[in-house]
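The two complexes that follow have subunit A in common; it is paired with subunit B in the first and with subunit C in the second.
On to the complex of A and B.
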């Protein structure tokens, strides 16, 4: 019989009068991969903190490796030996892999460091996982996948028998995710238990031995292996079908065209985006989308090839201000990186409006007109003095509507569905659809399929930095998780 | 290029921050050649020995500042600690105290400043600029008050051994000041590159949150860095005391800026987490060579200051440009 690693027994957690976990009841066995499908992210961070740090709970108890470590009557904030692999990461960028694995480990006793010995040990550990990453490499030079592997090794070396994987598909590409999942399976067979948290049920079903549907701090249903099918989940999810919304057909005229542009791979990349079209570029190995964003956001130029924007042609290594030319980039996690915290909603919304009015002079009548138009879309939050108190959904809306108001030729959405739960993803899809409907061409750059397919008219798959395949909407069924 | 030399080259540049050190080192060589052509006495044995003796104190305070900068902080109290060290040791020696006991007590006083700096920054979470600005003023005040607002008298013949040890004496034909700085460089370089403390210093400068999660004692590590800084400043104060044979209240004035310059020219990042002490050697050498070479070339002090200031700005600029990879060609925008 397998040993029980973690048990949450009717746990209820409240913070500042709000209930984040409600009667949570589940267990994880040794060597098991327990999936957690995040339908609504409320309570996720509390759950992780609860498992790691035994924070006070309002009801129930937590058992770790058979011992009661937390109870509603008494919480002592002790730490359980649990490692969390998440986007933020716990590695030190300026140190090597060896240093991160050994020297930055609690309880590392040796004062004088023999790098050769440490490097050799890392090589052995890597070989066990079937990998060969140079242990002398600094963490800042590692890819997302290599960082994840290093974190996993760090967890193993720290003696953690339970690891939480917090929405790793947000930063791993499709290929990297598959590779990492293989390593997780191997490690699970060696007895490590995993809590695999993911926004997408397809992703979780692929790896988990059991999976639970987590919604607003409640576990709605636990799926056994044989129940992990699309139909079993249908009663609990919302529809992502956008067929009911008004859809404008794309025109043949290309608004943005890349011709023989070298981004990161050996082969040049070329594609065209038609007017009013939504084109999804799926970068399966995370090699190309970042350089492409850098080029389109004016941070770097191109070595070879040309970029056509309507009638104009751009080439050369000097960065071009594509924003001036009508290309607006909505970064990943726009709620954090695209908005100005100290400005009001209207100031944020109309931040780019000066480019559209005479001499940049925004008159009160302009503001009144914008407020009237967008009030219908976003509601009373438009009058918020500061955006700090807005919900994530409202901040996403603000970011997308700012671009909607600017009305550029092309809107580049970077990993639009990487963050957020099912409801937020659905809302983002609506926002992208709205951009499309207003005649803006949309370029989605993503390393994950997620639900981007629902809004896209065409999909291009990039692999090893070159175009590997292209699918029209009716062929999307050929591409799956 | 054969495989052996390629691996040597690769290994050299794999060392963190070595790229900038090599670039700056090349600049140093060019500078030496130019000054040698302008005035051939630049390469005379006497001048080289003197030059090394000028570089030594800058190197020492540079080491201290590098430690602190790598943790992502700054130490503005270096100059005042130098002055404090000079005044305390000289005052005690003029009062007839054994020079070595005076050195020991001075060292303890200076280390207290290091501990206070470390605790203010890491424990009390004060911005390092403000915390060390405060201790800078306090240490300068101590330097002034220790002999009732007067420079001390000459430390006298009893302290001859002290003066020889720190400044005038030679070992194997090399001035002791140079030997002291080399020994301290070796010790602190080993500490930074080969020990757990060294890794922790880099770690907290790179990512303080991840360091906490990895069990690094932030307060202890930051304090250690400030301790190294105050220790080096103390030694420099003793060297100045030995040089002038008396305690001067304004000793070490603006040395904190020299220390920052030596570190930054040598490639230590002001943002923390990056830098190597060999770079500080090059940075301090550039500083010394410029001072010495421009003096030989007959440039007034004002010009020397302008040149050195410009070089500090240019080295940081080059660092920023190289790191961001913004060296590009002109675009060709076609209609």
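On to the complex of A and C.
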């Protein structure tokens, strides 16, 4: 009989008068990978805190390894032996892998540390997982995948029998994700239980033994393995079909072209983006998109090859200000990194608009007409004095509409759907479609397929830094999770 | 204000606040005495230690336990819990604990169980039919059908008689899962005369290396736990659905629980209705333990839930997942009970 590692019994959690978890009732067995499909992210962080730290709840009880560890009548804030692997990471960057795994472990009391012994142990542990990462490497030099593996080892060494994986596909590439999922499966067979949280059901269905659909603090449905099919989820999802919206057909003329550009891989990269087109570049091993973004945002130049932007040609290691030439980059977390918190909505929206008007002189009449035009799209939040109080959806809207207003030739969207829940992803797709409809060519750089396919006209797959395949929209079905 | 003074807890808090003020004054006085007299510092230290001890013990020894007790009482008053009142860790006094126990005896948990069980007898009770009269009549119909060569009527009558015999007699006992599932299969057989191929039943066991199907079937559960749930799935989920309806009963066993999930792919329920139903199911509710209103939607499930919670505790019971056009899953959680 399999042991119940975690059980939430009718748990209701309220904070500041708002209900974050509502009558949550589910269990996770030893050696089980329980998926959690996040349809709406409200309550996610509270759920993780509750499982890890036994915070006070309004109703119900929590059982960990058979013992009641939390009850609505009393919460003692004790910690459960649970490890969370998330984007933020819990390793110390300046220390080596061995130091992070052993020296920083609770209960490590040795005064003289034999690093050779520790390194050897790390090598053995890595070999068990089928990996060979140098234990002397500092954590700051590790890739996202290597960090995840190190964190997993840290959890295992700390004796955690339950690990939460919080939206790891947000920072792992498609190939890294598959590799990490294989490791998780192996570890689950050894008895470790996992709560695999993900925004995309395809991703969760692929790995989970059972999967729960989490929506606004409630579990909507628990899918058994045999129920994990696309059709079973349809009644619970919103449509991502954009066929109803106005679509502008791309023209043959290339607006951006990379010819033999050396980025990070051994092979040169080349592709062209047509006018009015939405091109998705799927970087399966996370090697190319970051240097490409650096080049297009003007932080670095290129060693070889040429970049064509309309009639103009750019080459050389000197960075080029592509924004001036009509290329705008929307970073992967625009709500956090693209907006100015101490500026108003209108100030954020019209930021850099001075470059578009004569002598940089933005008149009141300009602002009035911008306000009038965008009020229809975003609503009364346009009058917000500070953007702190805006919802995530409104902040995403602001970031994309800023680009819409600037109307560059090319908008580069970096991992546009990585962060949000189902409703936000749908909204971002609408925003990208709107950019396309206004005649802006869109380049989506992503390491995950997800729902990007719905808005893209063409897809290029990069592997080991070179173009491995190219698909037109009607061939997208060939590329699956 | 005068109204508040009626409560002993308010008086205790006020008394503690008074003592705390006294200690604070003592500390101030000690501070005053030690000014310019370093040899009197022990007085200040002693007063500080006393204050810290008083504060620590007052907070962890009185205030927090009092809050815990109040929280349980508040949930009881709002109707969310029942048994937890008996499990209060810090009762106000021995007498209040005895009062709670006496209250539960008066309420008669046994009586409550009996009332809840009446859902099992509702047909007979509501129609004032003598069970033996019913069996004899059904047996008569069966003989008549056999003598006329109408086998289908004879089989249906036999199934109906078996169903009533299981339903009406000996409702007090826990039964094996095997018997309960046999009753479900018999009930399905009867329903098939009406629904034909429209209704499909599938029973699945989550077996493991240590536990096979035969062992799972030996676990015990309250009689007629499954039939009301299956009946609900058929009448509220599958009956009005166009096309085939599938009913799956999945049985899993963990180290501490028997989990039975009854799933249908019928019409499902609106999110608000599911939320309301689960809100009622999360606690033991006495409001609906009334045999007169058994047939109204969802009441049968609530009665089964009440029975489970009364017999085994509030950590067991029923939880419902449903969505319009997707179907409904009813998850029944029970402790592991074997002969």
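Rule of thumb we're sticking to: the second predicted complex is superposed on the first by the 481 of 481 C-alpha atoms of A that agree within 3 Å, B and C clash if a C-alpha of one lies under 4 Å from a C-alpha of the other, contacts with A are read in each partner's own complex, and residues count from 1 in each chain.
In this section, contacts are C-beta pairs under 8 Å (C-beta built on N, C-alpha and C of every residue); 3 or more make two chains touch, one makes a residue touch a chain.
Computed from a predicted structure; not experimentally measured.
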{"item": "Side-by-side fit of subunit B and subunit C on subunit A, or clash", "value": "fit"}
{"item": "A:90 touches, of subunit B and subunit C: first, second, both or neither?", "value": "first"}
{"item": "Subunit B versus subunit C as contact partner of A:99, first or second or both or neither", "value": "first"}
{"item": "Contacts of A:29 with subunit B and subunit C, given as first, second, both or neither", "value": "second"}
{"item": "Contacts of A:300 with subunit B and subunit C, given as first, second, both or neither", "value": "first"}
{"item": "Contacts of A:2 with subunit B and subunit C, given as first, second, both or neither", "value": "second"}
{"item": "Touching partner for A:393 - first (subunit B), second (subunit C), both, neither", "value": "neither"}
{"item": "Broader residue contact with subunit A after superposition on the shared chain, subunit B or subunit C", "value": "B"}
{"item": "Partner chain in contact with A:314 - subunit B first, subunit C second, else both or neither", "value": "first"}
{"item": "First, second, both or neither for A:59, with subunit B first and subunit C second", "value": "second"}
{"item": "Once both complexes are placed on the shared chain, angle at subunit A toward subunit B and subunit C, C-alpha, multiple of 10 degrees", "value": "110"}
{"item": "Closest Cα approach, subunit C to subunit B, once both complexes are overlaid on chain A (Å)", "value": "21"}
{"item": "Subunit B/subunit C common contact set on subunit A", "value": "none"}
{"item": "Subunit A - residues contacting subunit B, complex", "value": "88-95, 99-100, 103-108, 110-113, 136, 138, 300-301, 306, 312-320"}
{"item": "Residues of subunit A touching subunit C in the complex", "value": "1-4, 9-10, 22-23, 25, 27, 29, 59-61, 66, 72-74, 218-222, 224, 232, 235-236"}
{"item": "Touching residues on subunit B, where the partner in the complex is subunit A", "value": "14, 16, 194-200, 202-203, 205-207, 209-211, 213-216, 273-274, 325, 328-335"}
{"item": "Subunit C - residues contacting subunit A, complex", "value": "64, 68, 71-72, 75, 80, 84, 89, 208, 210-211, 250, 253-257, 268, 275, 278-279, 282-283, 315, 319, 321, 323-326, 329, 331"}
